[in-house]
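Chains: A, B and C, in written order; residue numbering restarts at 1 for each.
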Amino acid sequence: MLALLACVLTLLIASALGSKPLIDTLMRLAIFGLYAVSLNILVGYTGLVSFGHAMFFGFGAYAFGLLMQTGVTSLPAAALASLALSAALALIVGALCIRLADIYFSFLTLAFQMLLHAVILSWVSLTGGDQGLQGGIPRPRFLGINLADPWQVFVVTTVVFFASLLAIRTILQSPFGYALRMVRDNAPRAAALGLPVQRYKLAAFVIAGLFGALAGILMALYVSGAYPNFAFWTLSGEGMFMIMLGGIGVFLGPVLGAAIFLLLNDTVTRFTEYNGMVMGVVLLVVVLGLRQGLLDVVMARLRPR
Amino acid sequence: MNLDAFAGCLSSASCLITQTSAGLIIGMLLFLVACGVTLIFGVLGVINFAHGAFYMLGAYLALTAYQLTDSYLAAVLCAAAGVGLFGVAFDRLFMSRVYNSNVLMQLLVCYAFVLILDDAVKMIWGAEFQSMGMPAVFALRPLHVFGGLVPPFYVFLVAVTVAIAIALGGLIERTLFGKIVRAAAVNRQMVSALGINTSLLYASVFGLGALLAGAAGALAAPVRSATPGMGVSILIESFIVTVIGGMGSIAGAFTAAVLLGLVRSFGSIGFPLFTDGLMFGLMVIVLLIRPQGLFARGSA
Amino acid sequence: MTAHLAIADLVKHFGGVVATDHVTLDFPPGSLTAVIGPNGAGKSTLFNLITGRIRPDGGQVLLDGADIAGLAETAIVARGIGRAFQIASLFPSFTVAESLAAAILAHRRQTHRMLTRFPLAAARGRADEVMHLVGLDAHADRLAQHLSHGDQKLLDIALALALDPGVLLLDEPTAGMGRDERWQIIETVHRLWSARRMTMIFIEHDMDIVFKIAQSVRVLKYGRVLAEGTPAEIRDNDEVIAAYLGARYAKAAP
């Protein structure tokens, strides 16, 4: 209900103001917000610190773009097929990565993502290499929706964003979601209570990969292309940065984090080309100073102990 | 995919020699970086994601030191010492604050430093490729070995790295420091319970690892061009090395690094597109059949 | 075989240490047994072997006559062996009620449900029941990490109890507690056992507790079974006195 309300409200405000920069900002916020929330399924709720989440963002974008370019005529079908492929990728990579504990896991996810990045760069005939997917992505009409129109892309993105958030929230509030929290809090104890821990980790990995890929598909639609940096390690790092900024322990924390991150990044980029330096320092201050995300701090204040 | 070229190379002694020596120097650099990763992980239980950036810093420091002093030896020492000290400072001032936090915090601190260092290098040295060129001492005619050409610097690089490997092995197997390091790798709590100054231990291990990365950067400078962001790929490859060799094993790291170096150099002739895939394939196979690595002590 | 749980010739090495050295023991249905022995005797290891947390190097673990040695931990839990830990092992960010509901759902294999809301009403009812059994009702909505040490140990036991196990293993339920708190928790444990007549095995260092409530006692040392018998027999066993109990009990013996 709340999600529906927020969705309608966002659309109303945007249509009332109708300014292009605002819509662009909201688009990016929806895409990276969903990306960060999907990563937080792993980091915040399952305790799996993936450093390779951009792998799915990039894979989803490329799979979708390539499918559309090779002449799949239905846009939703291409999107669904890309999601299915992403889930398969997540299943394979996840099965390998969860064999290793903790920080090993982070490194292995990073390594696999860089493999994908290397493949994208070197398989020029398919992916266009470092130039990215060339020639735009065709957007045939479906169900009366015309995605050649930026406003309609915005509407679809907003709806998908809120629907995804609702879906993720439902999953995290379900018995399954609590099983993930059990794994995060104390995996050996969960196993001693009969929970097949590895299977739940893998399931979380696939679900997170799925929504990460969905964010990638939205991105591909938005920019009408796909670029290697969608699968580059910096985007994985940025995802964790967003989560950390906004708050790990609060469902909407990553969305807030994404908003702050984008705002900060845009501002800094306007003033200096060394935005990595500035962002790095900000990150250090947050990690070593606050040690929590903003919403975590707020929630801790609100909740009597 | 170019199997003809690959087969052609395998049947020609000169090509074999050239590719093997090229593979060896890649392996040596990988070994030096991987050693640091594995040492730090073994003792501190954290993976230093900034280790690639240390390597980059070493290359740039060497570059400047060489330009200033015109002595390659000075450049190597300067880079190793400089990065070593930087590593100690990084550990004391930043990493030590997140030892007891979760992996996310450790990772983010390292990530922040990669961002900062990449940009710092861009500020100081510029964003373009920089290359040191072959130092005058090594600007000699290449050695002819079975018809293959081997630059003298390659021989030097391999010799230095092997010497470092042996020294490191001795340090870990035969000294008190090594004993503590090995004990820490097995049981970290026990070491602190024994009243060993863990801050000092951690800082020195971090420093040692950083020093090795700095040395690797300096040794790479004559044969690789330096660019901001050059650390990431060697970080990933050195991680693959530690997975294949087994975390905590110097001998394993050495063997795996040489193996990976050879895969890289021969792969670039036969199937340049799939070299990365091949390295990962190797890693995946090891993970599946022996997740603790080929050379790990005992079972995982 | 009349034993509910039987261990035959069980062996476990850790490197050079023989933590479990050809141990053979059995536990009749509905019995209340104490396992005692000095630190490092292999008591916790025995529990780890029974519950499948670690794999034995040899030997059998028979539950109702069926060999379960080497099965996965989850499979063994499913067959009805519950376990509480020497150091309370909890889910720090869960409330007491949530912890129990989650344990129940995990045990009933209902945690794969993604569309219903946690906790399912049925699990909530059972959680309340278990909370009441161990006397944690008052703390239902407190986070596990904010409970007192004693209540944490109770919650750990309650988690095992939530699975309604036929065999309950308690690893030092009174570890790290003051005297009064100890007796309180032991009374709870004893009440649970009397009410449900499950097969209960507990590890305990406090001999007064052991001799007061255990029906029978097993003594381990260096991974081996040093003695077994009723509390009275153990109290009079010269070997046990020499090896473990020491002077205090030696004097008490006639």
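Here are a few things to note about the model shown:
Keep in mind that, in the parts below, a contact is a pair of C-beta atoms (placed from the backbone, for glycine too) under 8 Å apart; a residue touches a chain by one contact, two chains touch by 3 or more.
Remember, it's a predicted structure, so these values are computed and weren't measured experimentally.
The fewest steps needed to get from chain A to chain C, moving only between touching chains, is 1. Comparing mean CA positions across the assembly, the chain most remote from chain A is C. The most centrally placed chain, judged by C-alpha centroids, is A.
Our note on geometry: chain A versus chain C, Cα centroid distance of 44 Å, whole angstroms.
Measuring from the averaged C-alpha position of chain A to that of chain B gives a distance of 32 Å.
Computed from the mean C-alpha positions, the centre of chain B lies at a distance of 49 Å from the centre of chain C.
Of all residues in chain A, those touching chain C in their complex are 170-171, 173-179, 181-182, 185-186, 188-196, 200, 305. In the complex of the two chains, the chain C residues touching chain A come out as 51, 53, 73-74, 77-78, 83, 85, 89-94, 98, 101-103, 105-107, 109-120, 146, 159, 162-163. Partner chain B is touched in their complex by these residues of chain A: 43, 47, 49, 51, 96, 99-100, 102-104, 106-108, 110-112, 114-115, 118-119, 122-123, 233, 237, 240-241, 244, 248, 274-277, 279-281, 283-284, 287-288, 291. Residue ranges on chain B touching chain A, taken from their complex, read 41, 45-47, 49, 94, 97-98, 101-109, 111-116, 118-120, 122-123, 232-233, 236, 239-240, 243, 247, 272-273, 276-277, 280, 283-284, 287-288, 291.
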